[in-house]
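The chains carry the letters A, B, C, D, E, F, G and H, assigned in the order they are written, with residues numbered from 1 in each.
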Amino acid sequence: MPEIAIILGSDSDLPKIKDCFSILEEFGVSFDITISSAHRTPESTREWASSARDRGVMVIIAAAGGAAHLPGVVASHTTLPVLGVPIETNIAGGLDSVLSIIQMPSGIPVAAMPAGKAGGSNAALFAVSILSVSNPDYAMKLKKYREKMAAGIGVKNEKLKSLGHAEYIKKLGEGK
Amino acid sequence: MPEIAIILGSDSDLPKIKDCFSILEEFGVSFDITISSAHRTPESTREWASSARDRGVMVIIAAAGGAAHLPGVVASHTTLPVLGVPIETNIAGGLDSVLSIIQMPSGIPVAAMPAGKAGGSNAALFAVSILSVSNPDYAMKLKKYREKMAAGIGVKNEKLKSLGHAEYIKKLGEGK
Amino acid sequence: MPEIAIILGSDSDLPKIKDCFSILEEFGVSFDITISSAHRTPESTREWASSARDRGVMVIIAAAGGAAHLPGVVASHTTLPVLGVPIETNIAGGLDSVLSIIQMPSGIPVAAMPAGKAGGSNAALFAVSILSVSNPDYAMKLKKYREKMAAGIGVKNEKLKSLGHAEYIKKLGEGK
Amino acid sequence: MPEIAIILGSDSDLPKIKDCFSILEEFGVSFDITISSAHRTPESTREWASSARDRGVMVIIAAAGGAAHLPGVVASHTTLPVLGVPIETNIAGGLDSVLSIIQMPSGIPVAAMPAGKAGGSNAALFAVSILSVSNPDYAMKLKKYREKMAAGIGVKNEKLKSLGHAEYIKKLGEGK
Amino acid sequence: MPEIAIILGSDSDLPKIKDCFSILEEFGVSFDITISSAHRTPESTREWASSARDRGVMVIIAAAGGAAHLPGVVASHTTLPVLGVPIETNIAGGLDSVLSIIQMPSGIPVAAMPAGKAGGSNAALFAVSILSVSNPDYAMKLKKYREKMAAGIGVKNEKLKSLGHAEYIKKLGEGK
Amino acid sequence: MPEIAIILGSDSDLPKIKDCFSILEEFGVSFDITISSAHRTPESTREWASSARDRGVMVIIAAAGGAAHLPGVVASHTTLPVLGVPIETNIAGGLDSVLSIIQMPSGIPVAAMPAGKAGGSNAALFAVSILSVSNPDYAMKLKKYREKMAAGIGVKNEKLKSLGHAEYIKKLGEGK
Amino acid sequence: MPEIAIILGSDSDLPKIKDCFSILEEFGVSFDITISSAHRTPESTREWASSARDRGVMVIIAAAGGAAHLPGVVASHTTLPVLGVPIETNIAGGLDSVLSIIQMPSGIPVAAMPAGKAGGSNAALFAVSILSVSNPDYAMKLKKYREKMAAGIGVKNEKLKSLGHAEYIKKLGEGK
Amino acid sequence: MPEIAIILGSDSDLPKIKDCFSILEEFGVSFDITISSAHRTPESTREWASSARDRGVMVIIAAAGGAAHLPGVVASHTTLPVLGVPIETNIAGGLDSVLSIIQMPSGIPVAAMPAGKAGGSNAALFAVSILSVSNPDYAMKLKKYREKMAAGIGVKNEKLKSLGHAEYIKKLGEGK
């Protein structure tokens, strides 16, 4: 019985949100992953979504690209919180996925996450923040995660001060 | 048993595509109209779409605004031709509806019609052109419709020539 | 101790999300409203956000227009779920608000709601769906809300069938 | 006498819609391909389009990029259904082709297909759906095509479940 | 035998470019106006365009909205200079007309004029500048037109200096 | 000898940035206003800009709409700080003015201010912040301006708390 | 004394419009090329532009990227026809250059050419079409150029028919 | 006590604005660089910004990508001039960063610099122009910088004239 259920419109989206998986694992959140398309497998998407609350799922993460209907279609079959992750496309600079996810009609909410690199990680973190509402353990873990993030930036500043910007940029380039 | 089945995401979309109804009536095409939302009434939308071919429907016209998922959701439940009409919104200059309808994933086609005034009329005319593939009567009617359109422009040119542009513009303004 | 805390960048945004207030009242959710700008009152915004969890707040709704930084700034000071509502502007078709809210960097999630009419109502409903994760009462109420919504569409279809589209459109116009 | 006639504005568009050809072949639909530009060879485009119905053509597929006028110009010379496929460009994120095809004026409909990878395949499938209106054999084949598509996703889910996401992503990368 | 031939896709575009007519009259340039649609009357558009040079026309001005194909279609039938004027629409902030006119393929040039108020006047002035290449009289008139424009701004500055900004703004408002 | 020199491409832009004038007056900054177009009066624009530093001007504010070249052209003739204010247009949602001002080439900087209502006021405040670098009096006045702004929001919150949101919204509406 | 004068904002734009040079050479049109920036060398740009007509120049081609002011600035100093070529950028999908060139204010026209590959060639061809107004030799050459273009497409069609699409696409790939 | 303080949302932005550092060094302006995120390290960002004037800082340069809140957040804590540099992203063609920085609300100004290559250099040059208001030495240096820039273009023109365009383009390619 996973706390978070993840659904993707295509297996090619898996690597694009892999930060989502690693962050959930880092927080010790249970989750499962299903590939199911709003359009190509509407029946299994519907069954998956409409039974999610009864399966004990607490939050749903749905990722899709193009005319990204998946988060909305999932939300139409459940009253659980649904987080929509737009997968970047080349058309209109990715606005197709972003607008298809954010502009849901009144009555059926979807929470839109960022397009691009931050989509997977922020979906994971937002899901944990929802769990933290009734689970103080997750609230504590989120607080520590942020402190670690801030500390990491502190370390970079010290390195920048000691190396100087020219050297730092050179090392960044090599690090790639 | 209508030849064309029309579905709208909201009754407020009815006046925006009313040219669709008048053109279908002008061509003598039978049609019915249903209000059903991809998100608010997913079950009735699914039943409506998946039974359409058995009800004798030949072409589906689906109109929706915002993150306009309705045409895509309908197409996921039928292999009939589905024409999607984007209803204009204020966000991103209406690009939300346009991109949500046109950018369907590979495998589940939707035919996108224009946003704005031409959406309803062109959906009706495109539906008739589909019927005309196997019905020479409709092919004949389409040909006549175009001839009438062209003749109308000819009349305007004669009027413009006799009135002059200043007078013509003045009459246009009064005509509104 | 309200379950939901709402923050707006300007009092002129109040009427634009009033559906948010009426839906929360309909669900019996406790909430309070504060006007505080990310830029004009950064100190009070920070204090408000960083103390929210200790005040017993469970979900935050933040609405702002233009370069809508408020939801992100609030999220930088709390690990509670923050829902961002873009208030429509005229520039770039409102893309400024939408993109400023949705494109948060990795690590600090904000859940973007729709721009336009559905922003306020969906923020309220999404907030309730978060509460429903640990409160079955709200899950039940959400289910009923959706059934009522679907039933309302059923009534409209019956009316449309009995009146016909021409008469229905005429009555819609008069209703306005 | 092909059932489908395909026209491209440039031979460089051929590889971009090659899925169109393979799907039509898979369905056993007869088709021919012509390169003809709306602007560079207007006379041959006009003759090709205006004689299409008499040649027995049932559906036209027209692909073009930039200010993609070809589908509209073809539609101005025939009342057959014309499917327009926008070829991606770099300008305005490809919006030039998308908007040039979708925003046809009232009276001369064009059915806009997706920009990008799905353009060719969906044009083929939509053309078959039009043929299926009067040909139950194609309706049956479309149904099977969708079942195969859905089954393929089922296989991927089983593989994902047995491999786990980390291993699956690794194999995806190698598969490329 | 007019020096300039103007073609419009619809008579509703007449008032939107009326500055074009008044400027041509002010310069004493002969012109005629024809309403003809790229899509609704392709034959008469073709005949009109392909015979233009033989009729003595020197420059063509073509105005159209939406998927504004008219300037491009006209240019495909003549090697005369064709100026395209995008008529503003509501979709994508008028980008549909702008991009449909400017993004012509290599080989068939169209000169795009501004969308909005300046479209008509600048088309007229650009047409005159083309005539001025071989007609020094028009070159002289253009020079005077610019001097008058500059002088008009000088007068406004004097008025602004004597009135002060508050009073000037007040008078501007009354002037409307 | 004004500290700030303001230049506008058209007198119709005067009312759109009038907040600029009132804020400068409130801060006791001396300024003058000139109407001069980058394109219609290039000579006087050039003279105005190239002599500005010698006239004792410290900061330039340049407002223009459409292909808003004025701020860039002014900046090409002076090394004083130039603030560019985009005047809203209807084309592309005002992106024409915004992008024409912000995307200056390397070497000739212009500081872009917001399009819309905040353009005039922020140009004034940014100009004062530049003066404040060498004038502690302006630094003090800016600090007080911000405190007043913050205090104003505090008053609104108290009113909101005492009236309740329904009553507050009602009074807002009446206030208009 | 060149017939056409070409000006570029940067030498890095030279390769992007090289089709312009080769087409002018093919037509036997005399031309010269100058690098001069609207912002970095405003004085030499002004002198170059304001003396162009006296130097015998008949048409000006101005290419620039980003906030592409060069064509407009040149047009402000001459009444010759100015063709503006937007050089593609990465920002806003190149809309910055396109809109900066096309949205000139009333009174100072610039003829916008396509962004991307067709910009250089169409500027050359449009310039020749202007020359053709008073030079029948160029009119004849333009006619032949179009016939050659059309014939080239005919050859491709024959090759496509004899090879089949699969083989043709394969050869296209190898040709690159 | 640096004259200019630079803040970046991420160390990955360092190489993207490195022209900023080299230009400041060329002008002999003192500066320091800090990495601090508006969202990940809000406390240190606030302290850094609110103490900047007391540390003797005269101008702040803030660079950030995505929903680029950093310049606005910094501006909310200081009345010093803040220059915002949008770091390019892939979403919406970089419009997310551009609009998040330019569309600041009335009262808290930020000066938006170009997205892309010119962002870093123009931020440096604009900062120097602010310093030049009270420091004639910098005014002199800016004047010389521009003269050098103009002279560089003169050299290129001579080279172009002596080599011819074909050879020049060939050498450009080799130079890369």
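Criterion: a residue touches a chain if its C-beta (ideal position, glycine included) is under 8 Å from a C-beta of that chain, and two chains touch if they have at least 3 such contacts.
Small disclaimer: the values here were computed from a predicted structure and weren't measured.
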{"item": "Number of steps on the shortest touching-chain route linking chain E and chain H", "value": "2"}
{"item": "Selected pair, out of C-H, A-B or D-G, that shares over half of its residue contact pairs with C-F", "value": "D-G"}
{"item": "Whole-Å gap between the CA centroids of chain B and chain C", "value": "32"}
{"item": "Distance between chain centroids, defined by C-alpha means - chain B, chain G (Å)", "value": "40"}
{"item": "Whole-Å gap separating chain B and chain H, where each centre is the average of the chain's CA atoms", "value": "50"}
{"item": "Residues of chain F engaged with two or more neighbouring chains", "value": "37, 40, 66-67, 89, 91-95, 98-99, 102-105, 107-108, 114-116, 118, 146, 149"}
{"item": "List of chain G residues in touch with chain F within their complex", "value": "9-10, 37-40, 42, 46, 65-67, 69, 72-73, 75-77, 89, 91-92, 95-96, 99-105, 107-108"}
{"item": "For the chain D and chain B complex, residues of the former touching the latter", "value": "19, 53, 58-59, 79-81, 83, 98-99, 102-118, 121-123, 125-126, 129-134, 139, 142-143, 145-146, 149"}
{"item": "In the complex with chain H, residue positions of chain A that touch it", "value": "88, 92-95, 98, 114-116, 118, 146, 149-150, 153-154, 156-157, 160, 165-166, 168-169, 172-173"}
{"item": "Contact set on chain E toward chain B in their complex", "value": "11-12, 14-15, 18, 21, 33-37, 40-41, 43-44, 66-67, 89-93, 95"}
